[in-house]
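Labels for the chains are A, B, C and D, by order of writing; each one numbers its residues from 1.
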Amino acid sequence: MLPPLTAIPSHVASVSDYRELARERVEPGAWAYLEGGAADEISAAQNLTSFDSCRIIPRHFRDFSNAHTRTELFGRRYAHPIFVAPTAYHRLFHPEGELASLLGATALEAGFTLSTLASASLEEIGAQKTAGLWFQLYIQHDREFTLELVGRAEKAGYEALVLTADAPLSGLRNREQRAGFQMPAHISAVNLKGMRPQAPAQQIFGSELLKQSPTWNDLAWLAENTRLPIILKGVLHPDDARSALDHGASGIIVSNHGGRILDTTPTPFEVLPVIAKAVAGAAPVLVDGGIRRGSDIFKALCSGADAVMIGRPILHGLAAAGAVGVAHVIKMLRTELEMTMALAGCPDLSSVNPGFLLEKR
Amino acid sequence: MLPPLTAIPSHVASVSDYRELARERVEPGAWAYLEGGAADEISAAQNLTSFDSCRIIPRHFRDFSNAHTRTELFGRRYAHPIFVAPTAYHRLFHPEGELASLLGATALEAGFTLSTLASASLEEIGAQKTAGLWFQLYIQHDREFTLELVGRAEKAGYEALVLTADAPLSGLRNREQRAGFQMPAHISAVNLKGMRPQAPAQQIFGSELLKQSPTWNDLAWLAENTRLPIILKGVLHPDDARSALDHGASGIIVSNHGGRILDTTPTPFEVLPVIAKAVAGAAPVLVDGGIRRGSDIFKALCSGADAVMIGRPILHGLAAAGAVGVAHVIKMLRTELEMTMALAGCPDLSSVNPGFLLEKR
Amino acid sequence: MLPPLTAIPSHVASVSDYRELARERVEPGAWAYLEGGAADEISAAQNLTSFDSCRIIPRHFRDFSNAHTRTELFGRRYAHPIFVAPTAYHRLFHPEGELASLLGATALEAGFTLSTLASASLEEIGAQKTAGLWFQLYIQHDREFTLELVGRAEKAGYEALVLTADAPLSGLRNREQRAGFQMPAHISAVNLKGMRPQAPAQQIFGSELLKQSPTWNDLAWLAENTRLPIILKGVLHPDDARSALDHGASGIIVSNHGGRILDTTPTPFEVLPVIAKAVAGAAPVLVDGGIRRGSDIFKALCSGADAVMIGRPILHGLAAAGAVGVAHVIKMLRTELEMTMALAGCPDLSSVNPGFLLEKR
Amino acid sequence: MLPPLTAIPSHVASVSDYRELARERVEPGAWAYLEGGAADEISAAQNLTSFDSCRIIPRHFRDFSNAHTRTELFGRRYAHPIFVAPTAYHRLFHPEGELASLLGATALEAGFTLSTLASASLEEIGAQKTAGLWFQLYIQHDREFTLELVGRAEKAGYEALVLTADAPLSGLRNREQRAGFQMPAHISAVNLKGMRPQAPAQQIFGSELLKQSPTWNDLAWLAENTRLPIILKGVLHPDDARSALDHGASGIIVSNHGGRILDTTPTPFEVLPVIAKAVAGAAPVLVDGGIRRGSDIFKALCSGADAVMIGRPILHGLAAAGAVGVAHVIKMLRTELEMTMALAGCPDLSSVNPGFLLEKR
């Protein structure tokens, strides 16, 4: 494994260039964990290609004298709509782990969501930044512990809870299994220390894990037990989006978990328009999955997203060059978003709309 | 040729991993026989890919406290809807032949259909298992012998007849011909011993073979001459499904014979919805062809199938590791089906429906 | 170059197997001439693949006691609907040239069309066979010579004229040019000996060649000057089919000249249904282009063709093994057609119809 | 790098053959500049393939005694509708630069547009040819300098201004960056000498560059300040076409700048019909992007274009063989256009129409 870079090579021209730089610096098992998707990885691959068949029809000669990318979400103003998605165990990819990722994100004014499965404590991260910091949560089989976690997040200054709905069990990670990946001893989900252990099971159906998986009532229960807004992550059906709002959620993240949980789902970008239509402005809608270009972000915004989340590319930047790599990844996306808006004829987010897009015939 | 495995390698993560293990253990001519499809093998290949363009839209936060995969077919309760399809000459792939396959299937509670072209006697197989055992049948040119076979199957405890409709003559097996495959001397269709031989023919049209091929009246005749339910296999047109029920069949198997008989047919999964609609619950509908994942099974069930049949993967498991390989193949499919149902939001078979599927745009 | 085969290798299982056998026996320049299409060869390639996306939905348990493939065209009964298409210069591919091709076709009871650009005299060919023999014709710039040719064909016993409409000039044969193909000195269009030479031209538009290219009036003129039925070859638009019949043609061949003249036309199979509908039974409709399987023939018949023509595969058979190769190619197509009809549930040509086909979704 | 050719090799059969000849003669950085598109080069690639899925349905037996390709644009008669598109810095590809390109174009009677970013002075070029010579223009941040340029073009005999609308900023040229391309010291945009320099900027939005980018009012202003017709280049939306005419433009060029500015736009050929319909004959419509065959030109004309522009192939011809290469490229396109029209049944441009085209099913 090569050591992290200390300077960005001049040939790095796009986010995808960081993938190869990362691959040379990540242990093969961890690379399988990072890159792998569920089963045959069809959804993981389609996430990447689903933006390509959507075309941008540029409009010309518009006024850009007051151009900006500012937006407001849950009462806070953001310089741009690019957020860091929650991803687990950053120390697998760089010794400084989540701290480095946060540093890079903050430098570029990007919102940041810490994973429940972070390899850094939520308090340590909360101490670095309180503005625009969210905490990702699973409703654990141990409901009491779940409430404790929420309390800690509130206390540490997190401003929203990102509740993951699409992973009542781990995905079928064939690539990890084939690579023989095992979590190194020095890395763990430190924030879950003290949680009651799960009963082991031979089969899925009938297991305690599944019997204790959350239902809509648990969402309502959680909403009653926190003062933070809850953003439900993993929504792919418009009825689930409506149900989320009915049960206390304040926002929606359209996501298929990077194609890591259930294979052959629709891509988030594919179902985004119908979900945005179902939400109808009642709450912010975010989307993640396969965004590698500023033009992808623009297409997501035109399709009804209020903001986007970036997952694997952040970890590619982190693995390649630590905080600087993360910052550069976000910087390139931000610049490309501005270029796309300038070339498409969109001076601000309020002027994006589906009319800029042409579905491929 | 390598010998059969005595333990499952740790990298085996999915059914498709057994294909390579099998290939290393099967003589090339027999491999051509197993893997080959008719003519240019377009249908054989499309069977495998036809599930991919169908997307599962997962629903979240549903109640799984009573989740199960039980189903009932022809008066018998099955633990899950995964059946072993009839395939010929298992001794080509493992010295223990059909006995090993049956042992693996029984261990995983899977229904099993013995082929008329089995390399083990139907009585020997019937003696091992009577619950959930079916017998596959062609209406032979020798009608008397056909009735004898049926009588033997009834006596041996088989619970249903799977009548194959789609192969009045062998498919155009170009791959076998190019590989020069010849059946080894020690393997034969033992259950057909004593049947009147077929007159040899120079041409298809005008041959005795074709003149004596069965018609719908023969199905009615067979139904009158057995107390077993007849499941017609090979149906691809809704009118044939209706005709089957009108002439005495009690079930339908949507199938293109693994793409081995006529090339460029529709895939079974492709025509399943329209056939299920034609049958309209009047009889069980099964489907085979190209199922390699639990998610494929889920998609088939959502599209109107009551159960599915697995063909080549059983033989891959058999060739790789005998009964253990067969059991592992079924185990992986069963686990994946439960995972898919859990992640899609389906706690039992009665809750599957077409609303979980999205045709790719 | 290898010499022609004297026996058919046992691995030859389909028409396409003859292509490689031929390639080893044909000089590279002549191979470029044979295999090449116009420009980027998009149409030549699509001809081959256009049948694949069309699926056959088989029907079962039908009566085949009187199955046959007989048909009648222009007053003559044919054993099957497979005809040899007109192709030029057979001596480029085998020393016995058109005589060998004719011998192979006759052995398999296939109709045969001699090209105007044959390397054998029409009288010599006519002397070998008069039943089911047609003559392909261009309306040459030298109209008198054209009439002479027609008179010779009538006298030699040809039963129909196949008038090629789609080649007022040669196609853009980039492959031939790149290969540096030149016609060998000992091969020529012997039937055109004595024709007034064409004035050379620097440019297409304004050239004598183009100014003298035939119009619909020339078709009417030809029809008045021959007692033979005229079959117009190269039709791709329904209005041209109607116009052909209005101006004296008695039949239509849907064709894009094997993709050799104008690139990126529709494939013949693609436009066949709309042309068959336009003709509406008023005259026989034939089709050529890309037929390599009996199932392709069945699909063409279901789509409205009364018969099909085979071009390059005949030359592949000829180059590989002379008359025997040609006969084997036709034999395989004929057997495959019967198998397809048997497996699809079609005992004769009168029972084929579009209901057996499913356009790929 | 090989030197330019002094004779055309006999294997050169089509425009695309010049690409490889050019590649061997252009420095790798300049090659990246020439061949590269924006970002992932999806649009650059699709420009090339977008013509393939459009099929030409040929019509036969039409009268070609008066066939020609003449057309009239902005009051001038042209022998054919093939124009040289504006492209920058021809001296990167051949020491004689734009002068050689112009010489080749003039020999073939093709209209020629000089780029603002030419490596030859507009006066020098204007002195060589005044008939059918156009000048390409950006509305520069320095509006006074822009007017000066226009005045110089008028004085030098240019007959139209091609105003580029789609590039208020440079595209995301990842390929150039990765190749480390830098403009050689001896090549520059000589016509921009004396322009007020642009203030450097760290970010796109808020930069002076973007604040001073032109609006529709600037088009109107330009139209009032020149006696030349203005042809707006880069239009992909019908509303922009209408707006252009409303603000003083006299013609439209449907273009995505060769896929060099914004990636994943529609291809020009794709949106041409809807733009031609919006313009409705009120002004000439030209199109560029991906044209490599005379059949592509024919398809563009059938889709509503009055003429076409050729970009990269001109530079391929220039790099390969100077003026002779440029002339040969145009000659091949012209010959292929005539062949296509002859084979499709179109004796002149007034007879082209959408009825000759079939969208691929």
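We adopt the following convention: a contact is a pair of C-beta atoms (placed from the backbone, for glycine too) under 8 Å apart; a residue touches a chain by one contact, two chains touch by 3 or more.
The UniProt protein names, listed by chain, are A, B, C, D = Alpha-hydroxy acid oxidase.
Predicted, not measured: the structure shown is a model, and the values here were computed from it.
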{"item": "Neighbouring chains common to subunit C (Alpha-hydroxy acid oxidase) and subunit D (Alpha-hydroxy acid oxidase), by label", "value": "none"}
{"item": "Type of subunit B (Alpha-hydroxy acid oxidase):subunit C (Alpha-hydroxy acid oxidase) copy interface by residue overlap (half), same or different", "value": "different"}
{"item": "Gap in Å, rounded to a whole number, between the CA centres of subunit C (Alpha-hydroxy acid oxidase) and subunit A (Alpha-hydroxy acid oxidase)", "value": "60"}
{"item": "Distance from subunit D (Alpha-hydroxy acid oxidase) to subunit A (Alpha-hydroxy acid oxidase) - Cα centre to Cα centre, in angstrom", "value": "42"}
{"item": "Subunit C (Alpha-hydroxy acid oxidase)-touching residues of subunit D (Alpha-hydroxy acid oxidase), taken from the complex the two chains share", "value": "10-11, 13-14, 17, 51-52, 54-65, 67-69, 293, 295, 335-336, 338-344, 358, 361"}
{"item": "Interface residues, subunit C (Alpha-hydroxy acid oxidase) side, partner subunit D (Alpha-hydroxy acid oxidase) - complex", "value": "39-40, 42, 165-169, 171-172, 174, 177-178, 180, 203-206, 210-211, 213-216, 218-219, 234-237, 239-240, 243, 261-266, 270-271"}
